[in-house]
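Each structure below appears as structure tokens.
Presented sequentially are two complexes of subunit A, the first with subunit B as partner and the second with subunit C.
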Partner chain A sequence: MNEVLRQVRTLFVSLRLTVVLLSLSIVLIFWATLDQVHLGVWAVQQKFFHSFLVFVKVGDLRFPVYPGGYLIGGLLLVNLVSAHVYRFKLSWRKCGIWLTHAGLILLLVGEIVSGLVQQDFQMRLDEGETKNYSESIRTNELAIIDATDPKFDDVVAIPESMLAKGLVVQNPKLPFRVVPKLYYPNSDLQMRSQAPGAPASLATQGIGPMVAVTPLEVTYAEDARNWPTVFVELVGPDGSLGTWLASAIPLMPQKFDFAGRSWKLVMRPQRHYQPYSVTLEKFSHDIYPGTDIAKNFSSKIRLNMPDGVSTREVLIYMNNPLRYSGLTYYQASFDGEHTTILEVVRNPSWLVPYISCSAIALGLVIQFMIHLVAFAGKRRRP
Partner chain B sequence: MRRSLPVFVVAVAAVCVLAGFFEKPEGQSDAVTAFGRLPVLAEGRIKPLDSVARSTLLVIQGRQRVVVSDKPGADEITPDEWLLDVLFVPEKADTYPVFVVDNTDLLLLIGKDDESLAIHYNGVIANLLATSDVLPTRRRRMSFNEIAPYFSQIEAQEKLAEPVEAQTRTQFQSAVVQLYGNLSSYLRLKRALVPEGSKDFLTELLHLQESLADGVAAVRAKEAGQPHDEAKAAALIAEGQKFLQMGESTDLLAIPPDEGDTDLNAWHNAGHALLESFGNGYVNTSVLAYAGMSYAWRQDEPGSFAHIVQLYGSSLERRYEKQVHKARVETIFNAAEPFYSCMLVYLAAFFFAALSWLKWPETSRLSAWGLVALGWAVATLGIATRMWLEGRPPVTNLYSSALFIGWGSVALCLVLEATYKNAIGSAAAGVIGFITLMIAHHLSLAGDTLEMMRAVLDSNFWLATHVVVVTTGYAATFLSGMLAVIYILRGVFTRSLDKATADSLARMVYGIVCFATLFSFVGTTLGGIWADQSWGRFWGWDPKENGAMIIVIWNALILHARWGGLVRQRGLMCLAVFGNIVTSWSWFGTNMLGIGLHSYGFTEAAFWWLSAFVASQLLLIGVANLPLDKWRSFRPRSPGA
Partner chain C sequence: MSSRLFIAGLAAATLLLAGCGEEKVATYRVPKEKDPELPMAAAADSGAQGPPPTGPSMADTSVPTATGADLTWEAPPAWQRKPASAMRKATYAVGVAGGESELSITAFAGDTGGEFANVNRWRGQVGLAPLRPEDLEGAVHRLQGNGLAFTIVELVPEGDPNAKSILGAIVPFEGSTWFFKLTGPASAVEGAKPAFIEFLHTVKAP
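The block that comes next holds the complex of A and B.
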């Protein structure tokens, strides 16, 4: 065998590599924990764990300075698999280690998969309100709504990512093209009367000309969100209809008529529709008597099934979510006495950690019992 | 002799510990003790007034006993007596120095400086002790009367400091927020049962009882616009306003609901209970009973005070048998201070274990072992009592995690000692038991340690599984680190680490690391499952989760390094010592970041201690890396020695 290949093989099956990678992962996790104070948990995950390299910003340049979660995890996976393949020996004495490591492989792979497929939404409900959709926590969409029929809205939703890239949208449902002119990922709005020095607006229609926009830094803080604003020009077959401003900051609804139909233009959190709907019957917030310590939050909801007839009453409270049709509804937060905020998560691989962690735990127990029995035997025969 | 001396040592210690459970607090009459046992609702749970007194005192002055003045040789009073004075003779309580102020800027704000607070000693020795910091050189505690003139300045500074996040406050800001909080809780107690400035509340209430019917009729008539006795109506309205104000200015829900009502929300404070008199036509009997106690205590009539307490106590006992029983047990538990005696027993155990390596190996070793077992039994009893009082698994907050880490480590040590019989287990038990209880004591200064669980954590199942298992993992990791410390200290500084001892220590560390790996992994995983059940994600990279994961990885690293032959005995010990740093970071460091779902146990002075601990562990690792010929135990003995 080629000498270089032999060295590579020796490296990849060595315990030395394992120890080095474990040390690297400890430093990575520690650093990420400290950085959370500034970045918030979501940005930290992107920067440290869901990445191959950790970049540090110096001025305007980004330098890769440290291996990221994918790289360390991937190398650990390679190390683990190749060590087992290379030293393969079926013996009862090793079965604990086998089980532990198999579980670990499943856990690592499962985490990568769930990082890719997991989706989070929120559902905010006032008492008595019914919704058949949940909303994205981080991304928004530009909804262009055909509101001609008062009973029914026909919606074309353009994701924020397309607006950010400035992609022109032509859709068979729309008698015009949508041309994003300018996009701010985070912004603040003021009435123009209160900001006399503001530069002229790009907008010519709707509320836009009356509003001054200030772009803001993108925030990653846990308790803050970004408020994107976009200027879009609508271009019909016979030329421009004008430029509108749309912002995630709630504005008066902007309406206009074109091609014999009434349209509404609004930017809102991206929606995820379900074939069933949820009604909040009652939200309760209990505290311990004589204190302001929260004792329990609970939302009594009615699930209106897709058949439109049958319903189900469910109480969602702390540590007791509702799992239905691949989505899980958790009591996340509240706003005032009568508004609940449910977190809605789709995670098809939620079962993987349960299986893999049971395998690892069982493997560890077996392995250490083997050690313990051997040790006790040795002591009995001095 | 060899057998009987250890038995004697343990028996003496056991008698000392048990005495605490039967002894009554010094100089406190039975009536005062009975008063301390009366149940009230405070901070969300029913507890005896004795616990209210003790936890308030711990928070505001850092200790339970009260010295009534700054003069040398001044009288000491018990927490219950202090509470009685605060409730019923506030003008006297206002002179007791119970508010700790250490911050120099805050002292300036209340018109004090080092000079005005200096304590002058007579005699050479006392002065010498004072200059070497053994005796205090200045007063730390002020009375309410000393501080009261500066109340508006303190309030103004507190308003400025309060909006600043706790983690980013300066020392002055923290100190002023703390002092303001302490003054407020003192004032809330002062106005809990008797309105401010009232000298004879009992007579006022009896008078109210007589005039109640006429007064209510007068007010009703007035509201209806009919002829009425204006003086009576006005008097009644004035009373109502007084009670309303009284109700607004306290949070002590001392007045139980009527018979048969078990809802905790039905407990009232005295002011609100009195407001109900206008509706139902009679003055609440519990408030009357407390007013009676107030009268007797003020007039210094111990006979009638005892009588009223006894009457009220037995009427409560008929209605709330279970709560009264619990309150009684809690009072005995408070006075016995089992964790304090436990701490002393552990210290003695360490002393005997260390002695066994130098002299009288067998006698000292057995004494140490017996003492560890005794200490552990007392700790078990203490933790079990807390669990019964709270109706919860053992670990519910940072305080109880310290108790439990100590308990778990000592349990493992008992097993080690039974296996190896070389006093190492007992020595480690002594040190870890002592230190964890010391930490627990300092954590208890934050307030009632049997506090209510926040909604997110309110799940006995997960508290009993995830929290207990992961805390056991912490305990085991600390223990392996402690054993490594013993290895290093004995090896470098004494000649006592022979090959057999060194090998057995290495096996112990290895075994405990295996145990720690298993428990910290399973515990962390259970946490993930809890999170999946509660928040929809198995893993969220929350600081506390990361801390636990680092412990798991660190233990796995130790095992892999050993299996791969990358480290030998000494390297194993260094890695185990570093495990102490990793664990202390996860236990306390992550709370100091003040973010994430787990940051419920904030601690301030802990930062300094954590840094000092980390530094000491790094120093030990440095010492362990001295060349082997600098290790006294491994140095070849000089010829003839």
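The block that comes next holds the complex of A and C.
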């Protein structure tokens, strides 16, 4: 074996690496816990754990200063698996250790997978309302809607991340190109009449020319959200149709006609449609008698199946979510007496922690029993 | 050898997973939706104080909740002022013999879709059919006072004293539109009507 490879192997199978990585992760968790005061849970997860490197901002520059959760977790995984492959031998006496380590590997892989693919949405329903989509809590989309058909809307939804990168969108459903000109991840809007000194707007169509935009610092606070604003130019075959302003701050609907069709342009929370729909039948907010203390929140919903015929009634309450079609609906919040807010989570690996923890526990019990039996056998012998 | 193979496999899997995050333009057809006209106005109307889209940053967001000069008013001492919310200029609990109703005061930049759309939005909230444009004049009362033009809308379904009712006034002021909206059971709204009209006379520019 090549000397370099041998060194790499020695590094990856070493227990020293395990100890270093565990120490690094202790510091990471401690630092992240302290930083949670400033950033809130979600941003801390993104900055420290769902990242390969932790960056620190100095002035306008960002420097990587510490390994992030993915790097430490990934290396731990490599370390664990390499040591396993290199050192361990398959024998009945070691089967408990095998099972424990397999559980640990599964736990690490499951966390990486859920970090990469988990999606969180929200569904806000008034009593009697039916929806077949949930909305993203943090990301937005620019929806360009062909509203010509009296029965249907044809929607082209451009994710905010593409607008942020300034990617030009040419979609077969649109008779024009969408060219993002300027994007602010967080902003405030004012009517131009209220902000006489504001610089001229890029927008030439819709409400844009009447609005002054002030870019704001991106917020990570848990109780605040960002309000992105984008200027997009629509370019048809014969040249520009004009530039529109779209903002996550709800504005009056912006409508225009082009190529014999009626269009609407709106920036809204990113939507996630399902082939079935959910109707809120009743929202209940129970309190302990004679007090204002909340006892229970529950949403009685009707699940309207994709076949359009069958329905199912479900009561969603704390610790009793609805799991259907890969999504989990939790009772998250409410708004007034008749509006529920459900958290909708897609996490294909939600079962992994349960399976891996069971495997670890079972492995430890087996290993302990093997030793116990051997020890007891030895003692019995004179 | 096996550890080398494994590391190569792991690197490939990581790359594959990292590739999953790429977002794409989505196209789809959905049954026609009601126009989300003035979601902020609707949210304020319904007393939304909760999570998104009513983030705290909305408190200083000037497009939906109009900034600029505020109208002033004098509420009767019997009306109980409720805690402020980001979406409202003020909220009062209005109690009369017929029951309790709530007065919400909101303001939004622009004409918020126009008087006709707003009257129909309120009609929808109390379960009344929308008006035709030519019927609008017959369904509202106009009132002038303190240099302001009030459009008063009385939406009290007949027959049921508990039916949800609205007595509202729409006031354009310096490029924004103010809404004074009394909501409650029919008997409470009816009972509070004289005081509400009296109150509108106290509304004036600063």
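The definition used in the following text is that the second predicted complex is superposed on the first by the 329 of 382 C-alpha atoms of A that agree within 3 Å, B and C clash if a C-alpha of one lies under 4 Å from a C-alpha of the other, contacts with A are read in each partner's own complex, and residues count from 1 in each chain.
Criterion: a contact is a pair of C-beta atoms (placed from the backbone, for glycine too) under 8 Å apart; a residue touches a chain by one contact, two chains touch by 3 or more.
Please read all numbers here as calculations on a predicted model, not as lab measurements.
If you put the two complexes together on subunit A, you find that subunit B and subunit C both fit without a clash.
Of the two partner chains, subunit B is the only one that A:Tyr288 touches; subunit C does not reach it.
Contacts of A:Met191 after superposition: subunit C is touched, whereas subunit B is not reached.
Annotation: apex subunit A, arms to subunit B and subunit C, angle 80° (C-alpha centres, rounded to a multiple of 10). When both complexes are overlaid on chain A, the residue A:Thr148 reaches neither subunit B nor subunit C.
In the superposition on chain A, A:Ile29 makes contact with subunit B only, not with subunit C. In the overlay built on the shared chain, the residue A:Val365 is in contact with subunit B alone; subunit C does not reach it. When the two structures are aligned on the shared chain, A:Thr130 is found in touch with neither subunit B nor subunit C.
After superposing the two complexes on their shared chain, the closest approach between C-alpha atoms of subunit B and subunit C is 11 Å. With the contact threshold set out at the top, not one residue of subunit A is in contact with subunit B in one structure and with subunit C in the other.
Only residues 2-4, 6-7, 10, 14, 17-18, 20-21, 23-33, 35-40, 46-53, 55-58, 60-64, 66-68, 109-110, 112-113, 174-176 of subunit C touch subunit A when the two sit together in their complex. Per the touch definition, subunit A reaches subunit B in the complex via residues 14-16, 18-19, 22-23, 25-26, 29-30, 32-34, 36-37, 41, 44-45, 49, 111, 114, 118, 120, 222, 288-291, 293-297, 318-321, 328, 330, 332, 343, 345, 347, 350, 353-354, 357, 360-361, 364-365, 368, 371-372, 375, 379.
Interface residues of subunit B, counted against subunit A in their complex, comprise 41-45, 251-253, 264-265, 267, 419, 451-452, 454-456, 458-459, 462, 507, 511, 514-515, 517-518, 521-522, 525, 528-530, 532-543, 546-547, 549-550, 553-554, 556-557, 560-561, 563-564, 566, 582, 585, 590, 593-596. On the side of subunit A, the complex with subunit C involves touching residues 5, 9, 12-13, 74, 77-78, 81-82, 85-86, 112-113, 116-117, 122, 132, 137, 141, 147, 149-159, 161-162, 169, 171, 173, 188-191, 193-194, 207, 210-211, 216, 219, 223-225, 227, 247-253, 264, 266, 268-269, 273, 333-336, 339, 341.
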